[in-house]
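In the two complexes below, chain A is the common chain; its partner is chain B in one and chain C in the other.
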Partner chain A sequence: MKITIQREQLASALQRLQGISGSRSTLPILSNVLIETDKDKIWLTATDLELSLRCAVPAEVVKSGSTTLPAKPLFNIVRELSEPQLELESDEQHSTSITSGAAFFKILGLPPEDFPALPEVQSDVSLTLDQAVFRGMLEKTSYAASTDETRQFLNGVLLSFKDDKLTAVATDGRRLALFEQEIEIAKGAEGELIVPSKTVSELLHGLKEEGTLRIRQAKTQIAFECGDLLVLSKLIEGPYPNFRQVIPAQAENRIALDREVLLAAVRRVSLLTSTRTNSIRMTFAKNKLTVSAESPDIGEARETLPIKYSGPTLNVGFNPDYVMDPMKHLPTDEVFLEITDEISPAVFKCDLPFLYVLMPMRLD
Partner chain B sequence: MRPWDAGALWDEVCKRLKALLHPEVYSKWIAIIRPERLDDRTLLLAVEDPFYQTWLEENYLPFIRQSVQGAYGSELAVRFTVKPIEKKSPPPSTPASSSMPPVVQSPVPTLFPLPQTTSNLRPKIRPPVPASPRPNSTSLNEQFQFDTFVVGPSNSFAHAACVAVAQAPAKAYNPLFIYGHSGLGKTHLMQAIGHYVLAHGRAPRVCYVSSETFINEFIDALQTNQPLEFRKRYRGMDLLLIDDIHFLAGKERLQEEFFHTFNALFHAHKQIVMTSDRPANQIQGLEQRLVSRFEWGLVTELQPPDFETRLAILRNKQERATVKLPESVLEFIASRIKSNIRPLEGALTRVISYVSLYRAVPPQNKLEELLRDLLEEEAHQALSLEGIQKAVAEYFDVRMADMSSKRRPQAVAYPRQVAMYLCRRLTQSSFPEIANAFGKTHATVLHACSRIESRLEQDQALRKDVVEIARRLGRREFAL
Partner chain C sequence: MRTILHVDMDAFFAAIEQRDHPEWRGKPVIVGAPPDRRGVVSTASYEARAFGIHSAMPSRTAGRLCPHALFVRPRMAVYQRESERLMALLDGYTPDVEAVSVDEAFLDVTGVLHFWPDAKTLARSLHERIPQELGLTASIGVAPNKFLAKVASDLCKPNGLLVVPSDPAAIRAFLAPLPVSRLFGVGKITRAHLEKAGLHTIGDVQAVSESALASCVGEAAARSMRALAFGQDERPVAREWEDKSLSRETTFDTDCADRTLLRETLIALVESVGRRLRSHGRFARTAFLKIRFPDFRTITRQRPIPEPTDSDRLLIQTALRLFEKAAGTEPIRLIGFGVQNLTDTQVPTPFQPDLFSPKPAPTQRRKDQRLDRVVDTVRRQFGNDALRRGVWHGSAEINEPEPDSGTNA
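Moving on to the complex of A and B:
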C-alpha cells in the first residue's frame, strides 16, 4: 500500500478514531486503526467491539492495499509533522514508513486480516433524516442521560420512532429531557431503541450542519451513515423506560423567563452553593424571581430577576447544573417554567417541541 | 407497637402521602406501588418497571420513608423491587400500537424488523437483575444483631469497636479489620454493623459480601466484559462488609481490583469492614500494599470465649428455646467445648432436642455419649507436638525431658520413636518441625517413622500401645 495524503485531513480523522481504539486494551489489534485504500480515498476504521467508527479521507492512491497501525502513535506523529502532505507506504511485514519533507518514521503494524470484521447490519428498511435536525435533537437531550452504570438502560438516549414522530429522550432519574420531531416513518419501521451515550457523543462530533443521515438497525446493532462517516454501535437492551409517566399533565403556574438572563444568574449564584447539598433556591414572588444560594463555609449569593407572576409565593430548591444544562443547549430567547408547588416536578418548555422535567430538591 | 401487615401499613402510609403530595404526583407515582412484604426492619415495595424504581428512589423516597415512619411509629427501611404485573400473558404477535393506555405504555414493535430478530427489541421485562445487588439488598442474616451478641472479656474490645463503627460509619475506625478463629463471631459482629446502620439510616447503601461472592462476581464481570459495572456496584456503597478476606490470598488480579475499590471507598469516606481468620500480615500471598491498608484503621481480635462467656452464650441461646435445661448441663457443655461457638450452640441444640424427645434431662454419662463427637472434635484441636510427647512419656513412664534428650538407651529411644511417629500421624507438622521439637534432625524423625511403621505390621504389643495413646489423645478412631 502506498498513498499520499493531506496531513490536516488525516490528523482530524485520526483524532476522532483514537478515542475509540485503545479504550479497551484486551486485544492489541483494537488499539490499531485499519487503513484501506479506495479509488481516491482511504477508509480508516477503529472499533472497541461495541462501537465502531469508519470514515473516509481523500488521498492519492499510488498502490492499493490495506494495513493496520497503532492509532495513538500514528496520530501523534501526523499531528507533529510540519509539511502539508505526507506519504504512507507499507510493506509485507505490515510496517509502514511515513515520509513528510525531511522527516521519516517507520512504525510497526499488525496484519489487517486480524482486524475484527465490522458487524453486518442487514436491514431492508432504513430511515433518512436531516443531519442537522438529528444532531440538534441529540444535543438538546443527551446531557440528561445517566452515567450511573448500575442503571444501564438510562446510559443513553432513547429514540422512539412512532406515529410519524421521532422522540429523543434522556433521563437520569432526577430529570428528563425530551425532544420530539415530526418525520416520515416508513410502515414497519416503528420502534424504540436506546443508543449508548458514547455513540451519541461520536455522532455529535461527526454529524454536520447539512446533508442527510441514514439509520439502519438489525438485532442489537445500529448503523448511522452520513457521507463519508459510518458509526456502528451496539444498542443498550431494554427495558425501555416508560418516560411518559414522568411528564406532569399540567401545572398551576407558567412563568416566562429570559433564557440567557436566567442562565447567567444561576451560573453566578451557583458559585456559592455548598458542596454538601449543591442546591440553589428559586423564590417566586409577585413579579419577582430570586435566585439564591448559601454555603456555610463561604457565604451567600442572591440575584433577582423581573418576571410576570401573580401566583402564591413558591420556594423551590434545584440543582443548579440541572437548571443550566437545558439553558445551555437551547437556541430560543425565552423559556417557560411550569411549576405547581415545592415538591412536584417542574417543567421547562420553549417554542420548540422540547420539554425538560426537573425534580425539585428538598430545602431544609 | 401495633402488629402491621404490609397491606395495612401501606394503606396508612398512602393516606399520609396523599395529604403531602400533589394529587397528580400521588396518582402517578404512589398509586402504582404495591406493598410486597413487611418484616422487622424493612418494608418491601414493588413496582413493575425498573425505571419507576429509579425515579421513585431518586425523588420520592424521603417522602415515603417519612410517611412510613409516621405510620409505623418507628424507623423502618423502605426498599423497592421490580415485579412485572402478570395481568395478561404477553400478546403472541406484535401488538398494534393503537390504543395507548394513559399511563402504561404498550410495548412497541421493533424498528425495521427482520424475520428472526423481532423479539430482540421487544421490551424485555427482566426480573430484578440478579447479578447486581442493588443498594440495600444486603444478604444480612436477621439473627446477627448487636443485641443477640454475648459480650465477654474475649470479645468486648471487638464489640465496642463494631458498635462505634455502626454508630458513626467512616468516622470512628476506617477500615475496621476483625480477625479470629472460625466460629468466634466475626460474621455476627460484621452483620450487626450492617443491620444497625440500615436500621438507623446511617448509610443508605450497605453491601455485605463474602470474599467468595466477590471473587465470583469479579470473574463474571470479566467474562461478560462488564468490569465497570462491577466496580460501580462496589464503589457506590456507603458501607462495604467483606467477610473472610483471607480468601483473596494468592489472587493477584482480584487483589488489584480490591485495592482500587478499597481506595475509592476509603477516599470517599465510606466505611469498610473486613474479617479474616488471621491477622493481615499473616495472610500468605496477600500483597504488602493491601496488608498495610488493612492495618491502617483499627485491627481487632476475637479470642476464644472464656468459661463465663460460653455459659452466657448458652443461657442466651436457651432463653429462646422452649425447653429449660438445668444449670449443671449448661456448665458441662461450657466447660467441655472451648474453642468455637458453633459446636457450643450445636451441643446445646442437641441436648434440647434430646430433652424434648425423651422428656427427661440426660444423666451425665448419657450426656457425654450424646455429645461424644463434639467433645472429641474439641480434643482433636488441642493436639500439639508437646501434647503428644507428654502423652507418650506418661504412657511409657519416661521423663518428658527424655523426649528431646541425646540419650539413646532402648527404654528411652523406643518411646521417642513412637512419639515421633504419632506426631507425624496426628498433626500436620513437617519432618523438620517434628525434628525441632525433639531436638533431632529430620533424618532421625524419618527413620523413626519408617521404623515404627514397619514394626507395627508384626508387633502386636506396639499396635496396642499406639492405639491406646491415640485414644488418650482423643483419637478413638485412630487407624493404623
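Moving on to the complex of A and C:
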C-alpha cells in the first residue's frame, strides 16, 4: 500500500477514532486502525467490538492495499508533522513508513486479516432523514441519559419510530427529555431501540449541518451512514420504561420564562449549593420568581425574576443542574414551565416539539 | 487533661470456657483449631501460656508444646453475648466507650470524674464489678491518653490495675525502660530498623533527635513515634455511633482464590456491618470493598448505594457488584467491606424522588426491614451461624425491585 494524503484531513479523521481504538485493552488489534485504499480515498476503521467507526479521507492511491497501525502513535505523529502532505507506504511485514518533508517514521502494524470484521446489519428497511435534524434531536435529549451502570437500559437514547414520527427520549429517572420529529416511516420500520450514549456522542461529533443520514437497523445492531462516515453500534437491551406515563397530562400553571435569564440566574445561585445537598429553591409568587440556595458552610444566594403568575405561592426544590441542562441545549428565546405543586413533576416546553419532565426535590 | 481507661479482658475466650466448665479451671485450655488440623490458636488460658503458647500460633505447634492441653472449639455466639454484657456494663460508667474488639475497650471518663473521688476509685469499682457480673477478670490501664492506657493494661496483666502518673517527667520515666515494640505502629520491620540504629528501648528513642529518628524510619513516622515515646497521643475515644464509617475485614489463613468462599466471606462481613448499622440506627449512602493481594497490593473500590440503607439485601447487592468488578481471578489475602457517608434518616433532605417510582420502593423496603429484624433476633439468641444466607453463584443482579410503573414492550 502506498498513498499520499493531506495531513490535516488525516489528523482530524484519526482524532475521531481515538475514543474507540484502545478503549478496551483485551485485544491488541483493537488498539489499531484499519487502513484500506479505495479509488481516490482511504477508509479508516476503528472498533471496540460494541461500537465501530469507519470514515473516508481523500487520498492519492499510488498502490492499493491495506494494513493496520496503532491508533495512538499514528495520530500523535500525524498531528506533529509540519508539512501539509505526507506519504504512507507499508511493506509485506505490515510496517509502515511515514514520510513528510524531512521527517521519517517507521511504525509496526498488524496484519489487516486480524482486524475483526464489522458486524453485518442486514435489514431490508432503512430510514432516511436530515443529518442536521437528527443531530438536533440528539443534542436536545442525550444529556438527560443516565450514567448509572446499574440501570443500563437508561444509558442511552431511546429512538421510537411510530405513526410517522421519530421520537428521541433520554432519562435518568429524575428528569426526562423528549423530542419528536415527523418523518415518513415505512411500514416495516416501526419499533423502538436504545442507542448507547457513547454511540450518540460519536454521532454528535460526526453528523454535519448538511446532507442526509441513512439508518438501518437489525435485531441487535444499528448502522448510521452519512456520506463518508459509518457508525455501527450494538443496541442496549430494553425494555425502556414507559416514558409516556410520567408526562403530566396538564398542569395548573404555565409560566413563560426568558431562557437565558433563567439559565444565568440558576447558574449564579447554584454557586451557593453544597455538593452534598445540590438543590435550589424556586419560589413562585405573584408576578415574581425567586431562585435561592443556601449552603451551611458558605452562605446563601437569592435572585428575583419578574414573571407573569397569579397562582398560589409555590416553593419548589430542584437540582440546579437538571434545570440548567435543557436551557443550555435549547435555541429558543422563551421557555414555558408547567407546574402544578411542590411534589408533582414539572415540565419545560418551548416552541419546538420538545418537552422536559423534571421531578422536584423534597426540601423538608 | 483527659482520663482514659483501657479495659482488656484476660484470655477472654479461654476464661469463658473455664468459667462455664469448672473442671477445666487451673488447666491449660486452648480455644481454636484442634492440634491435628490446620488452623491457629484463637486464645490460650494463662496456664497454657506458661508453655509458650500464644494467639495466632498454629494449633499443631501448640499441641507439640503442650500435649496435654485441652483444645476447645470456639463458641463465638457465647463470646459475643459476653462481650455485649461487658460493653453494657462499661456504658454504665460513661457514654464515651470505644469498643476496639470483643474483649477490649477504651473509656473516656474525663466528663464523669466529678462523680468520683478520683480516677483510681472509678477504675477499682470497674475492676471489681467485671468479675462480679461476668465471672471473668479484666486488666485496666488508667492514663491521660489511649496509648499510655493500653501500655498500662498490658503491663499489669492478668487481673491488674495500673494508673500511669500524669506529669510529663513521670510518664517519660514510665516509658523509658520498655522495648520499642510497645510503641503503637512499630512492627517487626520498623523494630529491626530501630534496633540496627541501636534504639532498643523507648528511652533510647526519647534520647535521639527527630532528624536522627527520621533517617531511620522516615520523616512522617519519626514525628508520631517521638510523640508516642514521650507519651503523647491525641487520638480521641470514638463512640462507635459517631463514626463516619463502619467496616469489617478478614485475613485468610492461606490466600484464597475460591470465588465461592470469597463471596461467602464477603456476605458474612456485609451482614456484620449491616447488623452494626441497624443496632446504631444509622443508614449508609456509600459502600466500599477492600481487597489485599498476596503481594500486599491493596485496592479499595467504592460505589454509592441507590438510597440510604441499613438493609442487608441492598448492602450485599452493592458489595457483590463491587466484588465482581474488582476481584478478577487472582488469589486474595484479605477482604473487607465497609460503609461510609452515614445518616440518621433513611430519607435524607433534600431528597430527589424518582419519576418512575416517586416513593422509593416502600414495599421492598418494609420487607427488607422485617427480614433483617428477624434475622438479627435469631442470631442474637442462637449465634451468627444459626442462620446463613445462600450464596449467589450467578450474577450480582439479585432481586432488583421492579419499578412500580409498567414497561412498554
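Some observations on this one:
By definition in this document, the second predicted complex is superposed on the first by the 364 of 364 C-alpha atoms of A that agree within 3 Å, B and C clash if a C-alpha of one lies under 4 Å from a C-alpha of the other, contacts with A are read in each partner's own complex, and residues count from 1 in each chain.
FYI, a contact is a pair of C-beta atoms (placed from the backbone, for glycine too) under 8 Å apart; a residue touches a chain by one contact, two chains touch by 3 or more.
Worth saying up front: this structure is predicted, and the values here are computed from it rather than measured.
Superposition of the two structures on chain A leads chain B and chain C into a clash.
Annotation for chain A, partner touching more residues between chain B and chain C: B. By the touch criterion defined above, A:G173 reaches both chain B and chain C. In the superposition on chain A, contact of A:A189 is made with chain B only, not with chain C. Of the two partner chains placed by the overlay, chain B and chain C both lie in contact with A:P345.
By the touch criterion stated above, A:P248 is placed in contact with chain B alone, chain C being left untouched. When the two structures are aligned on the shared chain, A:D114 is found in touch with neither chain B nor chain C. Shared-chain residue A:D258: touches no atom of chain B or chain C. Once the two complexes are laid over each other on the shared chain, residue contacts for A:D321 go to neither chain B nor chain C.
Of the two partner chains placed around the shared chain by superposition, chain B and chain C are both touched by A:P239. Of the two partner chains, chain B is the only one that A:R216 touches; chain C does not reach it.
After superposition on chain A, the chain C segment that clashes with chain B is 80-88; the remaining candidates among 80-88, 170-178, 188-196 or 206-214 show no clashing C-alpha atoms. Touched by chain B in one complex and by chain C in the other are residues 150, 173-174, 192, 238-242, 244-246, 343, 345, 359, 362 of chain A.
Across the interface of their complex, chain A is touched by residues 306, 321, 347, 349-356, 358, 403, 405-409 of chain C. Residue ranges of chain A in contact with chain C, taken from their complex: 150, 171, 173-176, 192, 238-242, 244-246, 277, 279, 317, 319, 343, 345, 357, 359-364.
Interface of chain A with chain B (complex): residues 26, 122-127, 148-154, 160-163, 173-174, 188-193, 216-220, 237-246, 248-249, 340-341, 343-345, 359, 362. Across the complex, chain B meets chain A through its residues 20-22, 24-25, 28-29, 49-52, 54-55, 57-59, 62-63, 97, 103-105, 108-114, 117, 120-126, 132, 134, 225, 228-229, 231-233, 236.
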